[in-house]
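Please read the structure below before turning to the comments.
A, B, C and D label the chains in the order they appear, each numbered from 1.
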Amino acid sequence: MTEPIRDIARIGHAELLTTEPERSLAFFTDVMGMEIESRAGQSVFLRGSADYLRYSLKLTEGPTTGLGHMALRAWSQEALERRVRAIDESGLGIGWIDGDVGHGAAYRFTDPDGHELEVFYEAERYVAPEHLRPAWRNQPQRVGNRGAAVRRLDHVNLLAADVAACREFSQRVLGYRLHEMVRLDDGTESGAWMSASIAAHELIYTSDAYGVRGRLHHLAFWVDTREEVLRAADLFLDNDVHIEFAPSKHAIAQGFFLYGYEPAGNRVEVTTGGYFVFDPDFEPVVWTQAERARGQAWYVPTVSTFHTYGTPPVG
Amino acid sequence: MTEPIRDIARIGHAELLTTEPERSLAFFTDVMGMEIESRAGQSVFLRGSADYLRYSLKLTEGPTTGLGHMALRAWSQEALERRVRAIDESGLGIGWIDGDVGHGAAYRFTDPDGHELEVFYEAERYVAPEHLRPAWRNQPQRVGNRGAAVRRLDHVNLLAADVAACREFSQRVLGYRLHEMVRLDDGTESGAWMSASIAAHELIYTSDAYGVRGRLHHLAFWVDTREEVLRAADLFLDNDVHIEFAPSKHAIAQGFFLYGYEPAGNRVEVTTGGYFVFDPDFEPVVWTQAERARGQAWYVPTVSTFHTYGTPPVG
Amino acid sequence: MTEPIRDIARIGHAELLTTEPERSLAFFTDVMGMEIESRAGQSVFLRGSADYLRYSLKLTEGPTTGLGHMALRAWSQEALERRVRAIDESGLGIGWIDGDVGHGAAYRFTDPDGHELEVFYEAERYVAPEHLRPAWRNQPQRVGNRGAAVRRLDHVNLLAADVAACREFSQRVLGYRLHEMVRLDDGTESGAWMSASIAAHELIYTSDAYGVRGRLHHLAFWVDTREEVLRAADLFLDNDVHIEFAPSKHAIAQGFFLYGYEPAGNRVEVTTGGYFVFDPDFEPVVWTQAERARGQAWYVPTVSTFHTYGTPPVG
Amino acid sequence: MTEPIRDIARIGHAELLTTEPERSLAFFTDVMGMEIESRAGQSVFLRGSADYLRYSLKLTEGPTTGLGHMALRAWSQEALERRVRAIDESGLGIGWIDGDVGHGAAYRFTDPDGHELEVFYEAERYVAPEHLRPAWRNQPQRVGNRGAAVRRLDHVNLLAADVAACREFSQRVLGYRLHEMVRLDDGTESGAWMSASIAAHELIYTSDAYGVRGRLHHLAFWVDTREEVLRAADLFLDNDVHIEFAPSKHAIAQGFFLYGYEPAGNRVEVTTGGYFVFDPDFEPVVWTQAERARGQAWYVPTVSTFHTYGTPPVG
């Protein structure tokens, strides 16, 4: 038996493209309650109160919506170099960039579906300015006092034309562990839930209903309690944020969720809960098409757009 | 058996005096999350998102802290007149005032301890401006998106040199129902929890440790869940609000609480829960000194200042 | 202006008929967590931990399902007599019965839809046996430690062929206050939410989709927190209780809900929350057909059976 | 830079000694809501609903209280062998045992304070019997329906005469990561919070006030929400379980807690929350004596027995 790969610590940040930069920014600051940490070019860098890095969301004005890129932080310089070699060997490497606000050199690559990813190690740890300094210094920042006051970026769900290829790449090349997956009656993999830690999921691939490559399903932001997810739904409602899927509990990963669309149309989740995987030999749970048809945890039918809508929009 | 008096609907608002008007206002808007509904003279009128009247807190600059006055809303014009006659007969009436922001003629009086009270009926129901309009029109306002986002003034706790006299006046003249009380070993009444509704308490009198008259123990503001009380404690902490008594559950009335001091020193509670009194013949629960010494619901010892501190400060 | 009628304190208990007495009893004790207080004939009398009377649910074996009867407790003997006279004058009186387990003489009558109701005053207050004695004597019983551990019967929703007639009878003859109602485009009243207290609803009438008389929509049992409603859904799920409508928030009355069918098919709700009506002149909220079509609070579509299913079943 | 040691997956189970086997068992089944998975000799093996192994608590009758032993599960057979070699080299190894209910060969050793530990790899994954089978097969068992319904053993806090030695051993020999520690003004380490995962703590050492070796501070059991911790306090209260420290939030690790003593006197925690450590280079937070004196998160003073009481009792 070979040792598991444990070189990726976690998603460091995701870049979200918006065609409505001002309205999107207002959503993330006023409704989601994030703080603006920095601005550069057409981008605003945003953080939740529990993000240990300077930011977890890079919001960038663009000609369309969807994912700009997703950045993974390695455990060490050696771990970074090992992953770069593996990516390189996979043939999906692009090359080094000098870095960006808050982090050093990063190696750019794509997954088999064409999403742009990067991996980095050197990064600046967040130091709160006076007005955001927390009472206890084991916390990076004081708690948010606006809107849903999300704590951090939790996980990313990418749409893929070929889920199996992306899942296999994530496991073999990046070292993600597979926790749950869906295999349709015809053998197609339609979803894969993976993690680099004991969290049930950090990286998800699900089928793009249009067979298009490189699209985004959603970015998920963490709050500490289900009550805060329920409260976020009230805030979405009263602030005219489109609620796609009202608060309920997922069957897969068992997380509690709320899905809405930010003003430019990107799907955003407010989430908490989910189980932990403490078993070193955890056997991935493979769901059948029939099981998947039972809906979410309490048999709530999945909203149909949840299986079809992504950004950028199609057609 | 005589019919119960049911002429008082509820506390309409309380006026709080502050020697730190700007800092107190910042506390009530940013940390408590209330909205400014109006301003007049040295006063700012504030509301929670579920207050059906225009405001429930009148914050007034003054030479000291404590209660300005407390206003009770009657069920009807006839109910108002009945109570005014009863107050008049008690010898504690002062006289009519023309009204104030948001309500019509009010009859001013004092309780036996000298707290200034008023009773009114005519009042303006709140109509939210566009930016605060709720998604559902059975709600007066959209949910708050700042700080603890309190919902409404819930109850008022007055300190009294003679609790028994105030309790007796509240029952006989105003028509409050007594739900719980504390009688010390020497026969002294040291606390009375009363209500005009099924809520376990709306009006509380507790002993002034200094035997001073007319002081305030606290104003309590409602949130819908215990999780929001816990979150309010985080907000108090990180915003340098003095926490006097951290979240826990009361033995009396069983409400969940958080107590802090607003910047001018007035004690403020964030509260939820508590039992309902559905029994028409509810027998008031009389606690002994020994029972009271057991502390709060989970035997948490009561913080000593809770029995002594009030506003304005003494000595 | 005439004085409001305030003679009814609250629903004392509801009798539920079951064709599966053992399985229904196991549901109410093991999944809902109620205590058996007494048994008599074909009936078992059950209570939640916060019921101040001996029981709130009379579960009776019968040839079919649905409501046996619903019993209202009056505020006093005089209040009882006033209501009996009013009912008598309405022509819907049946006559006195001697009483039942836990309460004295009751006057039986029907609402215009034929549901059997009774009103009583004399009743035994619950005294917990040693093994259920609470730590604090302002509580009737210790908290439940099985299943959902519901606290008390909260409200009753009756189906009616003629909602308007039932609503009008409840207001004029019984003294209920109307808080919300639905009026369809053709002028038909299809729902009425009424209360005898500050709770947003205690008695609901909604349209029977089949035009049948005397059926039951659901009995609702209270828990103190939304988290307990969510937990109840997990318990329903894992104990094979049919979940009809998974946890979410109502638009009307704003209560948080979970609906399931107990083993004999009667619909049961686990509920908490909802707003309070403190306004003496509260103007009933009249919803249009279009507004109603928006679904529940977060625009969750109402499950179709919710509008059609009742007990006993039809056809 | 050397690669981090990541050979220990997690604490598999802890053995608790009791002088009151029947009453302790009743506590863990009825109040904590655990299931009896097996019995052997003087021991009962208990599990929470989310434990993936067969059990996490071995409750053993003994002449005194405290920790029997604590068992760590390795990531793999190779990881086990690496750790056994390292332990052996440390001079604290005892030797192999054949295994126990639910797991295979284990290597016994002590920490520098003399607590008996073991490390194993081969283990039986839990398979729920029919009456405990969950609705979704990504869960090991249906949710608990008795008492506090704890989910799993979360962490263990050992008392030590020499915290620094135990902390150093845990890091260097076992591979735990240090997240927080307390260093008194005289340079003594009085507490260390360590983890083998992103959880803020899984293994804690704190100073034994009596300088005695090998004692237990507490075992902590996880529930998914803070509301369940609050509800557990009600259950402790009404079931005469001694509450030592009522629900509140820790400053260190930020977990939400409730501490009580099971009938034989061992301290037990019901816990949830706490932050996650996603930073690969997380710098341990070293608290000063002055900071520690601020009490818990909301400045709640730490109950004095919390710093002195452990099992077995002293003197």
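Assume a contact is a pair of C-beta atoms (placed from the backbone, for glycine too) under 8 Å apart; a residue touches a chain by one contact, two chains touch by 3 or more.
Because the structure is predicted, anything quoted here is derived from the model rather than measured.
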{"item": "Other chains in touch with both chain A and chain C", "value": "B, D"}
{"item": "Homomeric contact chain C-chain D: same or different residue positions, threshold half", "value": "same"}
{"item": "Intercentroid distance (Cα basis), chain C paired with chain B, Å", "value": "32"}
{"item": "Intercentroid distance (Cα basis), chain D paired with chain B, Å", "value": "44"}
{"item": "Chain B: positions in contact with at least two other chains", "value": "225-227, 234, 237, 297"}
{"item": "Graph class of chain-chain contacts, one of line, ring, star, complete, other", "value": "complete"}
{"item": "Residues of chain D that touch chain C when the two form their complex", "value": "30-31, 33, 134-135, 142-143, 145-147, 225, 227-228, 231, 234-235, 237-239"}
{"item": "Touching residues (chain side chain A, partner chain C) in the complex", "value": "226-227, 230, 233-234, 236-237, 243, 246-249, 256, 296-300"}
{"item": "In the complex, chain D residues that touch chain A", "value": "1, 3-4, 6, 9-10, 50, 52-53, 73-78, 125, 136-139, 180, 197-199, 224-227, 251-254, 273, 275-276, 278-282, 285, 297"}
